[in-house]
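Here subunit A shows up in two complexes: once beside subunit B, once beside subunit C.
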Partner chain A sequence: MMYVFNRNGVCLLYREWNRSLRTLNAQQDHKLMFGLLFSLKSLTAKMDPTSVEKGNLGVPQLTGQGCSFHSFRTNTYRLSFMESPSGIKIILVTHPRTGDLRESLKYIYNLYVEYVVKNPLYSPGMPIRSELFNMTLDQYVRGLG
Partner chain B sequence: MAAIYSLYIINKSGGLIFHKDYGSAGRMDTNDSLRLASLWHSMHAISQQLSPTLGCSGIELLEADTFDLHCFQSLTGTKFFVVCEPGTQHMEGLLKFIYELYTDYVLKNPFYEMEMPIRCELFDINLSQAVQKDRVALLGR
Partner chain C sequence: MPPAAPRSGDAIFANVERVNAELFTLTYGAIVRQLLTDLEEVEEVNKQLDQMGYNIGIRLIDEFLAKSNVSRCVDFKETAEAIAKVGFKMFLGVTASVTNWDADGTSCSLVLEDNPLVDFVELPDTCQGLYYCNILSGVVRGALEMVSMKTEVTWIRDMLRGDDAYELQVKLLKQVPEEYPYKDDE
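Coming up: the complex of A and B.
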């Protein structure tokens, strides 16, 4: 599955290719996902053992400030995360044995820039409804798997 | 040299019962470590909810830019997690070993109350030995 969020927590895109279990409805699922990532970022920034100056837990971090996580793994899935400097968060949920997907996330971000941002009819903050983007994304992800 | 930065043990309700720091830069006071532990407990639970398939048992490994966090959850819900350098090997084995030390020196201690902070000398001693041995073994490789 894939999620794209903007800096306000609006889910711009949700794609699913293979999901056998849905515990919550779509809205709650997106909110929970965004909340989880926000808190995890806050946790990693605070828990960072190499930084000397740490902010307080719960203070919203500016994009790029503080240590951020890029991936976590459970026994049933692996979640890879990337945040762009503008606050666009791209999340990929894959099989647990998938390797490091940071390059793929960068590639997907580039696709986003090409097909979505450069589209004159797209306004930032609105859900993405670009057929071309979806198609290219599907092709790329099928190629990955 | 692969280094362990710190170790935390959380009881099944999410309260921190043990915390040991092996060398992270920057001071972290007790309140902060308590908050972090509870936060981790909740994140662990939420990650189970978001699983696309059945049978998820929570986050086992979190990879960040400057550190990795390995977590082991026992069958009773007690969580052991260790913050280490990125790419450190054999943390799963170490966590299982720490779990064995926990059962031997903490749970079998008749004066230890369940879910309370751990204050067992023997546990501390053996834990330091295990972590040192790990370091030496990794250095030797």
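Coming up: the complex of A and C.
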């Protein structure tokens, strides 16, 4: 299962391959996911024991600044997260025994650049509707799992 | 596996697909020529070039970040270095140098010795106010805006107007922190 968000919280892409759980409507789901990650990021950055500055919890941070968490694991799934300095967030939810997916997330980000960003018919900030991108993504992710 | 180190501009430039330099220069020249014919006012053309550059910049930043693997720049100095050394090299094939830092580090100049956009170009008398390379200032502005820095980018020296190099001044207006986009009551 995969989500892509941009810096304003707009869910650019949502794909699922093996999800069996149906939850609330899609909008709520996306908001929840974005909110969760936003808070987690903020929390992990503020709790960093090695960081030099001590901002207060709740003070907005620059995109990408501070330490960044990259995945969490529960007993039933593992969620991997990557954020680019431009605010594009890529989230992948997989089974718990997956290893570190950071390289894969970077590869997916590259794919995003190639198929979405370079497409002149795509307006930044709109949900992604590119068949090529979906297809390549599917191929890559099936190859991973 | 530790994340890969940032790649140098040369390495990336060697790996990306390249287009013929003359084709690039002539295409850009055709764009400016067409804008001049359509808009007639030199100021309008300058603005339009800047807008076009801005639209390019907001997309270019993702490509830059994906290919060059640079990590988050800690301050504006690092950002300027990254643009000059990696960015310009990657996309135009030339390196710029960073000079003229002001006292609080919020403004600097990027100096380009040679500029592939202006090969074969000479400005006629009717277009004296034209900033031929204004698209570059738009690109830098757009790209920096997507990484939360609001900047103002202007041309200080322009070889087409008789100076000896191209100098672009980048001034950081402010850094915009990330905000939670949804309202709390939803």
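As a working rule, the second predicted complex is superposed on the first by the 145 of 145 C-alpha atoms of A that agree within 3 Å, B and C clash if a C-alpha of one lies under 4 Å from a C-alpha of the other, contacts with A are read in each partner's own complex, and residues count from 1 in each chain.
Operating definition for what follows: contacts are C-beta pairs under 8 Å (C-beta built on N, C-alpha and C of every residue); 3 or more make two chains touch, one makes a residue touch a chain.
Keep in mind it's a predicted model, so treat the numbers as computed, not measured.
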Partners on subunit A (subunit B, subunit C) - clash or fit: fit
Per-residue contact with subunit A, leading partner among subunit C and subunit B: B
Which of subunit B and subunit C A:98 touches, first, second, both or neither: neither
Subunit B versus subunit C as contact partner of A:76, first or second or both or neither: first
First (subunit B), second (subunit C), both or neither touched by A:134: neither
Touching partner for A:40 - first (subunit B), second (subunit C), both, neither: first
Minimum C-alpha spacing, chains overlaid - subunit B and subunit C, in Å: 10
Footprint overlap on subunit A, where subunit B in one structure and subunit C in the other make contact: 35
Footprint of subunit B on subunit A - complex, ascending: 1, 18-21, 23-24, 29, 32-33, 35-36, 39-40, 42-44, 46-54, 57, 67-77, 79, 93
Interfacial residue positions of subunit A with respect to subunit C in the complex: 7-9, 31, 34-35, 38, 59-65, 84-88, 100, 102-103, 106, 109-110, 112-113, 117-118, 124
Subunit B residues within the subunit A interface of the complex: 5-6, 23-26, 28, 32, 35-36, 39-40, 42-43, 46-67, 69, 83
Residues of subunit C that touch subunit A when the two form their complex: 1, 3-4, 58-59, 61-63, 65-67, 69, 72-73, 146-148, 175-182, 186
